[in-house]
Amino acid sequence: MSSTFGTNLKISIFGQSHSDSIGVVVDGFPAGFEIDMEELQEFMNRRAPGKSKNSTKRVERDKPEFLSGLVDDITCGAPLSAVIKNQDVRSQDYKEIEEVPRPGHADLTARVKYFGSEDYRGGGHFSGRLTAPLCIAGGIAIQMLREEGIEIKTRIVEIGGTKLKGSEETRQKKMDDIIAAVKKEGDSVGGIVECVISGVPAGLGHPMFDGIENRISQGIFGIPAIKGIEFGAGFDAARMKGSENNDEYIRDKEASSLDAELDSWITTKSNNAGGILGGITNGQDIVFRIAVKPTPSIAKEQNSVNYNTGEEVKLKVKGRHDPCIVPRVLPCVEAVAAIAILDYML
Amino acid sequence: MSSTFGTNLKISIFGQSHSDSIGVVVDGFPAGFEIDMEELQEFMNRRAPGKSKNSTKRVERDKPEFLSGLVDDITCGAPLSAVIKNQDVRSQDYKEIEEVPRPGHADLTARVKYFGSEDYRGGGHFSGRLTAPLCIAGGIAIQMLREEGIEIKTRIVEIGGTKLKGSEETRQKKMDDIIAAVKKEGDSVGGIVECVISGVPAGLGHPMFDGIENRISQGIFGIPAIKGIEFGAGFDAARMKGSENNDEYIRDKEASSLDAELDSWITTKSNNAGGILGGITNGQDIVFRIAVKPTPSIAKEQNSVNYNTGEEVKLKVKGRHDPCIVPRVLPCVEAVAAIAILDYML
Amino acid sequence: MSSTFGTNLKISIFGQSHSDSIGVVVDGFPAGFEIDMEELQEFMNRRAPGKSKNSTKRVERDKPEFLSGLVDDITCGAPLSAVIKNQDVRSQDYKEIEEVPRPGHADLTARVKYFGSEDYRGGGHFSGRLTAPLCIAGGIAIQMLREEGIEIKTRIVEIGGTKLKGSEETRQKKMDDIIAAVKKEGDSVGGIVECVISGVPAGLGHPMFDGIENRISQGIFGIPAIKGIEFGAGFDAARMKGSENNDEYIRDKEASSLDAELDSWITTKSNNAGGILGGITNGQDIVFRIAVKPTPSIAKEQNSVNYNTGEEVKLKVKGRHDPCIVPRVLPCVEAVAAIAILDYML
Amino acid sequence: MSSTFGTNLKISIFGQSHSDSIGVVVDGFPAGFEIDMEELQEFMNRRAPGKSKNSTKRVERDKPEFLSGLVDDITCGAPLSAVIKNQDVRSQDYKEIEEVPRPGHADLTARVKYFGSEDYRGGGHFSGRLTAPLCIAGGIAIQMLREEGIEIKTRIVEIGGTKLKGSEETRQKKMDDIIAAVKKEGDSVGGIVECVISGVPAGLGHPMFDGIENRISQGIFGIPAIKGIEFGAGFDAARMKGSENNDEYIRDKEASSLDAELDSWITTKSNNAGGILGGITNGQDIVFRIAVKPTPSIAKEQNSVNYNTGEEVKLKVKGRHDPCIVPRVLPCVEAVAAIAILDYML
């Protein structure tokens, strides 16, 4: 099913950009876990719009309202459900696209798929807004994984073709400049995000079609605007020799006993595999990078065609849009990674 | 499940490199389709080992034996099953790796996952040999798709870091030289493969987690040695501006009537989206590229650790191995693409 | 997953008896269908509590609030979600069962499964109240099936061991008397419900594990209190000879052409198969019957054990309960049947 | 998918009555389990044809040949696959039914479903013969469950409408007499089978759609000829009052500590629930009964219709058939029960 993800931990996402609400049902969270609601809200805020001067002006509180699955913030075993009301909706901005598909958006494919009954307002179910309920589920999964010693970190490694280097501050400054520049042009930029999952035990995953790469990539492409994913050395691995790319095994000198789990005393010199061999974790960090395309909604004039009249028309996309969504993608990537890994651990 | 792929067309792959046989069960092929067995065998041969002087010396006929699902080569609606006997097996080559994991292989992860009961011989269920049954299923799917006007083509765009250009002959020559050189060193190389699926109707796929990218990437990472995948402009999209990356819509001047399907008269100038928007096909070619890592089995000496003694040891991988598996990956990629697309069409 | 049902039409149910809300997400309804909201509400009302003098005194409006999936009551292809607020909740009635499991309820099994974190109030996620969101999904499916000429009817064939016969009025009277009698005793009764699905085309379903019986029974046991299901002649078939149970084929004299679908001109004399052979419909009515156990919540004193003290105690179940839930089960059975059949048709 | 069953333990069954082979793939057996091949063969023999004078004359060795998943009879974590060659095939017996559907069989539904390409010989994929691979998977699951202290027993409680009572010998004699009598008439009988699963821990299963009843019934209806299933008191529960049907809780006097699992010191007086409340086990025996219809293949003349000519014809079913398959159903029921329960435990 399209909007469902997971095996032992199954999330089901619903809502459209301009529907009454958006939300998520999570079936499979273990019972007895107390959610830190404050931390969850902070996580949600990282994704939420309207925070920076470069971000979309749409202001949403993105405060999850829990309908079920909890008793006093503790999971009770029943499916957890949460919704976020869509409040600051300006459907009139989308009047034009009822007839004219926006380049780079799913307007045309949605129209074909749903026979003209699609909810075109704000991108409908294809809107990036649907990543908010994803982050509810993922934000809780992150808290659960932390109890198992697993941490997930993301960072932007490249923006608009420029590699970000140096201190956190330098990187942020560089990024802001790039985004401000394209914003001025009425244009947008994409970027590359790296995710590192540390503390994962060896032996998670499966061979063939349900390995770590399969599962994470299935989830990641659920985030709008992602066009590529690579694990470990990724596309660069294709440019190395076997002797360069293979991660040689060494003995972890600090480990005391051979009777312990193999991954506690056999480690690797390098991590070109990104922590995964044969779809299964080897105890090293899981590392992957994703390509985020530039926001398709731009103020610049573009060519399109009117569905009804067949006329070729010029389109300037209205609505309140981010010139760069990459910073807001970070928590979404963490959410997918957490859901995928927690699922394997259940 | 690990070795199962698909929704309405479900394939289940079994076997180990040195088990009695390897095979596949396909549940969901439509009844009444006559398989062209000669064409299928030719397809299988493209993947089979032992054909070129640079390829592994293991000789397998890779001739599928059909156990069920057919009456006189015509699908009868019941699950189709086919096996290939493992004939030219030399398990003694793998004696050493019972105790010493090969870098870049799944030996260690398999051992952790299966508590030491894994079939280590020839990589067991993690062997590239398991792509043979994948190709049986995929080869039939390709024939079925052709009836719907859908064609799948793959080509190698880069080998060992060198982009292949020019005529077919020049490209082949260049590739052979690169592979021959690394073979001499006892080393290996990887490469990048591009796949183009043409003739796909608009409207296939789903939003979010069951879109074209999700499904194809889930399948593609089932092929051993794949470390990355990108659709359309892929990682390059992350380096473009929105105005460059967006595929503008134009009217197909040759299309006659506005009453026909939208994708018959609205087309795009470029195809940076790789034929997919919102997880759904837009009628343009589906285009994706994958990164194939260099064969991990190399003759060169590598460091590893003995499971039992804990000693650090030097390992030269024995067995008969390809210095470059990229050419043999092509039919596997086509197989996955065909299975994924046919599944959506059922 | 526990609270998810379906393949191409997937429903996901959430909520607890005393949570903020209960609801359902339906992924897979075809786009472009206009829901008759009035008819849906009437369908919901058949299941809703508080209507008859014999029914529970809990009053709930059971009015679905749609959060997504519709534009002006027309399905838009995105997952449909709907919730019902839990309004008339009296959690204090359930204080006692926090420590003492009610016989016949899932209190103890929920406690073991969820490690003591279960939501015990009103039966939590195990409450019959969760059939309300099932009826939202099913009520819409019924409307969609009607467009295909498929009708679903249920009736009570036995109540508290008494077969109901005669006119509608006589049957209702008989039933009311039986229920009134047990109510007086502080006891409860169950019954047997028959469901007939007419207008189903031949060829729906699959062999083995995804046939009509498999799918319907999987769904039906999702309704609390069901303890048995039989198709066609069911348990009586086990008492017949082959010559009596086999449904002989005859030619439908009114059918005109042999070129039409087989089921348009070959029919059966009897319908002991309940319209299903080999898991696949044969064009006759699908017929099944289910056993509904008596409501476990009774005012009569019962023996139980206190979880915390280990003491054996006497328990009189408080709360507002139906002495017989069989009439309210009817729309739930129709809902499951409709969801199962619609799923096959998509 | 039609021929696939299970979640964490997934079986995929293939083959037709007269195909080269029939077989099964099992994905999910834990690694490191040594199969007792002799015991497995004995289990297979209970289902195999050709053993008693009343049984079909078709003689098959039903000896599984393992293709993968084992190293020296020990599971290695890779999917286990096994096939049985179809040896004693007499396809000519089925010539007539190419044109004339046998009453009570899936001939007509298969033809409609597979557009006339169905393998009609011997019932194709719908044949009871397909329960042989089911028994391979189930026979191994039974051995694995025994290690966990779980035992599965079946017995015939009713044959051809006659309840079997008394000693094992009396029961067998009674049954033989009944079967011999119908055989003489060229007719057949069905019966009722009871299955008891003991030693199951409390807390297995899930609420709603993936509970014990849902899962077992989904599997059970995968066995041809089953028309009904009931759990615990089943249809009789519908005839009891709540005070009679509820299983009251008592304290198990022999249990020592309240700190242990609840089900070790809280037990029930009766077991009308059949060990399941809310879809979850309560630690009591799981009990269910199934209705097996009489073998549809009978020598007696029956009415049918020729597909091609439209003529009404008289049919005497040829081939070698059991006048009563109930005894052979027992291991199949045990197999399904074992697969379902083991799946929950993984």
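A, B, C and D label the chains in the order they appear, each numbered from 1.
The working rule: contacts are C-beta pairs under 8 Å (C-beta built on N, C-alpha and C of every residue); 3 or more make two chains touch, one makes a residue touch a chain.
Remember, predicted model here, so these are calculated numbers, not experimental data.
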item: Duplicate of the B-D contact set - from A-C, C-D or A-B, the pair where over half of the pairs recur; value: A-C
item: Centroid comparison with chain D (C-alpha atoms), farthest chain; value: A
item: Inter-centroid spacing, chain D versus chain C (mean Cα positions, whole Å); value: 26
item: Centroid distance [mean C-alpha coordinates] between chain D and chain A, Å; value: 45
item: Between chain A and chain C, centroid-to-centroid distance (C-alpha), Å; value: 38
item: Of all residues in chain A, the ones touching two or more other chains; value: 1-4, 13, 78, 110, 113, 125, 207
item: Chain D-touching residues of chain C, taken from the complex the two chains share; value: 1-5, 13, 101, 103-106, 108-113, 125-126, 130, 158, 160-161, 182, 185, 187-192, 202-203, 205-211, 213-215, 217-219, 221-222, 224, 226-251, 258, 261-263, 265-266, 268-269, 272-274, 276-283, 291-298, 300, 302-305, 307-308, 310-312
item: Chain D-touching residues of chain B, taken from the complex the two chains share; value: 1-4, 10, 12-16, 19-23, 25, 27-28, 31-32, 65-71, 74-81, 83, 110, 113-119, 124-125
